[in-house]
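The structure under discussion appears below in the form of structure tokens.
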Amino acid sequence: MARELWKGNEAIAEAAVRAGVEAYFGYPITPQNEVLEYMSHRLPELGRAFVQAESEPAAINMVYGAACTGARVMTSSSSPGISLMQEGLSYIAGTEVPMVLVNVMRGGPGLGNIAPSQGDYNQICKGGGHGDYHPVVLAPASIQEAVDLMPVAFEIAHKYLNICTILIDGSIGQMMEPIQLPGMQPVVRKEYDWAVSGAKGRKRHVLTSIYLDVPTEEKINLRILGRWRKAQANEIRFKEYYLEDAEYIVIGFGTAGRIALSAVRAARAQGIKVGLFRPISVNPFPYKRVEQLCKQAKSLLVVEMNTGQMLKDIQAAVRNMIPVRFYGRLGGVMPFPDEFVHEIQEMIKDPGKPEDDPADLWYLRMMAR
Amino acid sequence: MARELWKGNEAIAEAAVRAGVEAYFGYPITPQNEVLEYMSHRLPELGRAFVQAESEPAAINMVYGAACTGARVMTSSSSPGISLMQEGLSYIAGTEVPMVLVNVMRGGPGLGNIAPSQGDYNQICKGGGHGDYHPVVLAPASIQEAVDLMPVAFEIAHKYLNICTILIDGSIGQMMEPIQLPGMQPVVRKEYDWAVSGAKGRKRHVLTSIYLDVPTEEKINLRILGRWRKAQANEIRFKEYYLEDAEYIVIGFGTAGRIALSAVRAARAQGIKVGLFRPISVNPFPYKRVEQLCKQAKSLLVVEMNTGQMLKDIQAAVRNMIPVRFYGRLGGVMPFPDEFVHEIQEMIKDPGKPEDDPADLWYLRMMAR
Amino acid sequence: MPAKGWIEVNDMFCKGCELCVTACPPKVLELDSEKLTPKGYHPAYIFKDGCTGCAICAIVCPDSAITVYREVTKAPASAAVGGD
Amino acid sequence: MPAKGWIEVNDMFCKGCELCVTACPPKVLELDSEKLTPKGYHPAYIFKDGCTGCAICAIVCPDSAITVYREVTKAPASAAVGGD
Amino acid sequence: MFAGQVLSYAAMDIGKEVTWIPSYGPEMRGGTANCTVVIADEEIGSPLVLNPPGVIVMNLPSLDKYELTVKPGGVLVVNSSMVDRDVARNDITWVSIPCNEIAEEAGDRRMANIVATGALLALLPVLTLEDIESALKAHMPGRHKHLLPKNVEALKLGAEYARKHVRKAK
Amino acid sequence: MFAGQVLSYAAMDIGKEVTWIPSYGPEMRGGTANCTVVIADEEIGSPLVLNPPGVIVMNLPSLDKYELTVKPGGVLVVNSSMVDRDVARNDITWVSIPCNEIAEEAGDRRMANIVATGALLALLPVLTLEDIESALKAHMPGRHKHLLPKNVEALKLGAEYARKHVRKAK
Amino acid sequence: MVATIVNPENLVYSRPKGFTDTPSHYCPGCTHGTAHRLVAEVLEEMNILDKTIGVAPVGCAVFAYNYIDTDFVEAAHGRAPAMATGIKRVLPDRVVFSYQGDGDLASIGMAETVHAAARGENITIIFINNAIYGMTGGQMAPTTLPGMKTTSSPNGRDVETQGYPIRMSEMLATLDGAGYIVRRSLHDPKNIRLAKKAIRLAFETQVHGLGFSMVELLSTCSTGWSLTPVQSLAWLEEHMIPAFPLGDYKIAPSVAALKI
Amino acid sequence: MVATIVNPENLVYSRPKGFTDTPSHYCPGCTHGTAHRLVAEVLEEMNILDKTIGVAPVGCAVFAYNYIDTDFVEAAHGRAPAMATGIKRVLPDRVVFSYQGDGDLASIGMAETVHAAARGENITIIFINNAIYGMTGGQMAPTTLPGMKTTSSPNGRDVETQGYPIRMSEMLATLDGAGYIVRRSLHDPKNIRLAKKAIRLAFETQVHGLGFSMVELLSTCSTGWSLTPVQSLAWLEEHMIPAFPLGDYKIAPSVAALKI
């Protein structure tokens, strides 16, 4: 099938359509507007539901309602809008209904700017909403990967009755790449034993997240945790480059990861034995694999477009077994591969000690320049 | 000065008044209603500002506005309401203005219930809002401690131009204890060089969180991070009990921590050399101290009223140096000391291996019973 | 002579709010101070003759605790409770 | 004879939107196709006699780019722009 | 609930540490409310106790719920005005006392819990009746001050009745 | 921007990997817009390049901003219709070409960027003019198809002019 | 005599089939119960119980799903209209209604309510206006009357600092998307009958696809008002009706034309 | 001749002092600029520039603080009325105003707007109604006209699925807390004059403590409407004014009595 040149946001929207999304509810925000705009003509033309909500809280609660019918439903937004969805997301998790969320991250905190950033990693992965729940989070690094993950996201959401988040930054949303779109899936509405649709010919279904009886709520919490543990077991995803003989390993997700690929190639060209590990599922996080890599690598370089949020997960896996170096750019700055190459070279010159605090040293370097 | 019997929520409100809070904006939610209700008569009678907002987003943005004037201002809420404040909190962090937030946690996720819980630890400490920022979070375990921390919270907020959160659960909010209230501080409105108040006789002040110029946003991010690093250096707080000769150490914050105190005493009564470490500042977290304790302790028991959220921070500090055991109750269940005592005994029988996953084993135990 | 009526109050539902007592046109209802419902309320009951089966009590009862009977059935249930 | 007037258009602010051109009663304004402002717009200018200094252009100018002069000053600035 | 607060005030006034905590759980409106009071000489840990040494139950649901939680050898006070069954356990000291009637006798039905408090302290002397009395004096809202004597009376009657009708643990 | 997309389509059609990314930064409305195109044979890493081998600048601000970023030995195409200064560097190959005028000559002012594209490819043959031509054929929206010949013309003129007036790197 | 009367063919009224057998958690005399019953009766009479999906609010009616015998979801506080929209858009041929209190609908849910109405969203809202926050302990609501004492306006609502009550029906009536907007009361048999008629018409409006419908019901909260249930009905009539006049605020011509 | 005329005493009009020297980021012909100027002139004429605090929205006017020469804060999207409330409550003797677009005020900020009005919050809102989301690229706004094409209603706003425009002034006029609510337009000199008068009266309302004041200004978005600036003014007059009639929707007696 021929490749087509697509803008990231529109490709994601079309991929969702082909994955059988039945309803989209959203609110405009840069840099994800093209998702909403694309849906605004594409879904009605297919007789599916599109609503530009009055706000993100409204959008997520429309999603909540639609999700309760068992339909494949999604919303998309960017950082500030995602913050406004946190209550709704917690309700959806607590009610154990499936949905797909796309966060096209921008520079923050606050209004920040519309440039690409990875500053929402903690919010998205560590639970921005209240209570104990864990969304599955997939972080593609290219438009093709995003498109390929779209149907996967819906399947995960339904399989674990959970939120599945596609986490990208503004650059993936705004850039264009040649891609192959998946085929069009038919819309299938199963009669789930939990979904609401009118109680015709069956006993009624009630979906709620309130459990005043405390022991019951504890059981629900454990049930949610149980599904999450299954996701932890089944949904680990990552991609590895040039690791076979790598003595040094760069780790980055999403855009930082793909930029690192260029850096790794450049370093290899200089004869440096360096490879790249790019987590795709950032929640659940591939701790085990990172742990294994510590046996092979002399030291790690973690690159992010934030102050080192994923770094904490890396450190949890590394446990000071080998030195870790960190390099991050903030507030929407997109690093150049050259910066990473420089960091690789510096790391090799002086890998530092395993007990060093990488974020600490990075901060001092940033302030020094 | 004589002790008085106060309900937690009301004591916190009065402590804030005495700490010179000039304005309170909030929205009713159980189990923190008494804070709002107390303020509704106390502040007007002192000629200070009280507004029952139309919602939590409105409340936090009223706080945002008032904070921009340099006044001491606060809000309080409980889990779902806190989720709705995430956008506003991120704006406040991004605008670098001071405020105090009180979260009286309840069972979640979703609507959950009104029973005491510690399920919002991640949301509150790891950043529930978008972008890179870090609120200071203090978790008192008694009404007296909460009352004593109230003025501290305002000082921290102003010192680091940051959010300072008092993190308690419904039980502390609802229970009564004899306390000594601090003296009444006068309301002092300084003329800060950043606050807005009308530009009379000075150049105008503008407070914003939008920095379209990416390098500028990066500088702001680093400035915010810089202040956070100072807080990390200065604001570590914790309390230790029976640690001198302790071979086993229980770690818990807030209510779980105080329940553990009873358990530790009971275990000591059985001749077990066990002590208690209770973090008070959960963000910044006392990693260093926990690391030191690993030298002294044979193993640790972490107790929480959630699925093991603080546990991750403990593990980051322990790095598999010694075995860690976890015990948590969920969804608003308040554990009895006897449960912890049992866990201590079990831990001593079989401390397990350092590389065991405590949350894993705990989950299996929970499902087994 | 007025139609003969009768009501039964379901102890499961009655909370002794007295709305039926005050609403009852012939004033034949009162709370039974002797009796306690499982939930601990004094339920309503007919303490004297004269119930017309007008179902006014049932209309005002917030807990649908009342079943109404009437010797000569005229209107369908819905009508009795103000159906259109 | 009409009052003699003159306007000056500030290149810093003018974006060549033409609102003043269409609003000008004596139609003495047009965009200067020869000239480019620092921001790359063709600014407005008086291309022929007849400006009355009515300040209509200044009222409609969304970028406050226009300063208006009038030989015989009548009303205070505010009045000219519709102050009360 | 009120009884618990009176105990708390009394304990505080004689310089002890004390915590009072209401019960949680589904009963939102009109359900049975109850509270736990912990009195100690040192910083109090848990405000909840699995097996309390002393328990007062004012109605049947509460008896059913809490009879088994009383610590062996502990004390259980049952308000027989609202409870028509005896206590099944024989490893605890208990008394079945018609609080409502005694309260009425003392002058006000609503003092039933004070009667029960008197009974509890008679069998579990963590505090003296005088402690309670002065606590009432000190903390009763002004508009209720006139009820003080009645309350003290109720307290005493409760204590007396308990001493007379107590069933000791076997 | 459009030129960038044409390049992207052409690269894709001959089976190469390509990324097109618009510039970010404060210029929201009416500022100078620009984009980066990366063409490669393998999976593309960074869509941004610190020192691109080939750069087209259509106006003065862009020249000021990007002149120094061109990779030594790389190519810089300057639209002299909008830029009144020469290129200062002598370690790069560059040409100063009146795109607007040439475009007008070819039949439409708005094809200035196509002219520049022709010039770039003449000096940096990552793609052939034919690649571009067929890309235009394949991807030009129907309603513009009639402009195809003109575009091809503009492309050629740009290339010719560039070959004639190129200043080689020293 | 009883014996003779108590037999099926003499049955004049009994608990509606649309109701479950669960005793309600409401305080004695709370007219939430009355409103529930009317909804259940209407759904039963329209024979749409099995194609209806209810949306419960956060408020004392949070457990509405325990009583009204249809599929149900429980919304986040104030977001019921948004949740109902989400359901209705994927199941356009089902009947979707939300049941909300004044804090839920008029305070935190204001935007969702207004926009559902502006969109002409084909849903029905049963709006219980009891001038107070019942569930959380009697705090001030957007509908609390001037001078009215609540736990967050202990000296009575001071309009200078706490503002004025919002009349939702009047406000929503200004929107073109609104098909049927009326205010009724639950304080006596006559008005309860009228309330039921209105609820019927609201659901008919939805079934006929005539746009957004809302029935505002003046309701009591004896607990929040600290009155007896009987006093509460009188207080409602005396104080609330003047502040919230009963009436039809918006009846689209298409709705007026409905023959039922 | 120029030389002779161009001297101070002939000065009829020049850029107001309330304005900074920063050229605006607005598109050519965008009447946001006109609205800014009127506000600056009014604050200058009332001599309250140095006791005024502005609240900028999220929208094209996000940088209002770069132009109007007073203390300023920048609010979260739609929350400007709440933020203004927070400021006003701690600084009651200052003048606080927010400047908001239709997406900001009428969509995401609906609840904050209605409740600020209901509270009679002593603040002033300048409401720019341009029937579209300018900043984010021309999506549909709550004020977008039926059939109007936007980037999120590409085939024209379909009232069946996307609802009807909201008339904020009419809606807010139903609230007792509102002191002064009017709609004006910026499409020609006469209306610009009237707009300025209204803005003046709105600020006077606040200064005299007479409650919530809002001036809704019909404004152009040539970029979003894909018209020239000149065409935009005509389009506004032809299409927007019929849908959003100009007029006074609420003038409290106390405000009407103001002598200025």
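So that you can tell them apart, the chains are marked A, B, C, D, E, F, G and H in the order they are listed, and the count of residues begins at 1 in each.
Keep this in mind: a residue touches a chain if its C-beta (ideal position, glycine included) is under 8 Å from a C-beta of that chain, and two chains touch if they have at least 3 such contacts.
Model, not experiment: these values are computed from the prediction.
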With one step meaning two chains touch, work out the least steps from chain E to chain H. 2
Centroid-based (C-alpha) most distant chain relative to chain G: F
With contacts counted as C-beta pairs, which pair of chains has the highest total? A-B
Which integer distance in Å separates the CA centroid of chain C from that of chain E? 40
Geometric centre distance via CA averages, chain E-chain D, whole Å: 87
Cα-centroid distance, chain A relative to chain C, in whole angstrom: 60
So how far apart, in whole Å, are chain E and chain G when each is placed at the average of its C-alpha atoms? 43
Can you list the residues of chain B that touch 2 or more other chains? 51, 54-55, 57, 80, 87, 91, 95, 110-111, 114-115, 208-210, 212-214, 332
Which positions in chain E are in touch with at least two other chains? 24-25, 28, 30
Where chain G touches two or more other chains simultaneously, the residues are 26-28, 62, 74, 76, 107-108, 110-111, 115, 119, 135, 142, 162
If we count contacts the way the header does, which residues on chain A are in touch with chain H in the complex? 27-30, 33, 36-37, 40-41, 44, 50-52, 54-56, 80, 110-111
Partner chain B, residues of chain H touching it in the complex: 49-53, 55-56, 62, 65, 69-76, 79, 82-91, 94-95, 111-112, 115, 119
Within their complex, chain B touches chain H through residues 22-23, 25, 49, 51, 53-55, 57-59, 61-69, 71, 73, 87-88, 91, 95, 196-201, 204-210
Could you pull out which chain G residues touch chain H in their complex? 107-111, 114-115, 118-121, 142, 159-160, 162-167, 170-171, 174-177
Chain B residues within the chain A interface of the complex: 57, 79-80, 82-84, 86-87, 89-95, 105, 107-115, 117, 119-120, 122-123, 126-133, 208-222, 224-226, 229, 306-307, 309, 312, 315-316, 319-320, 329-333, 363, 366-367
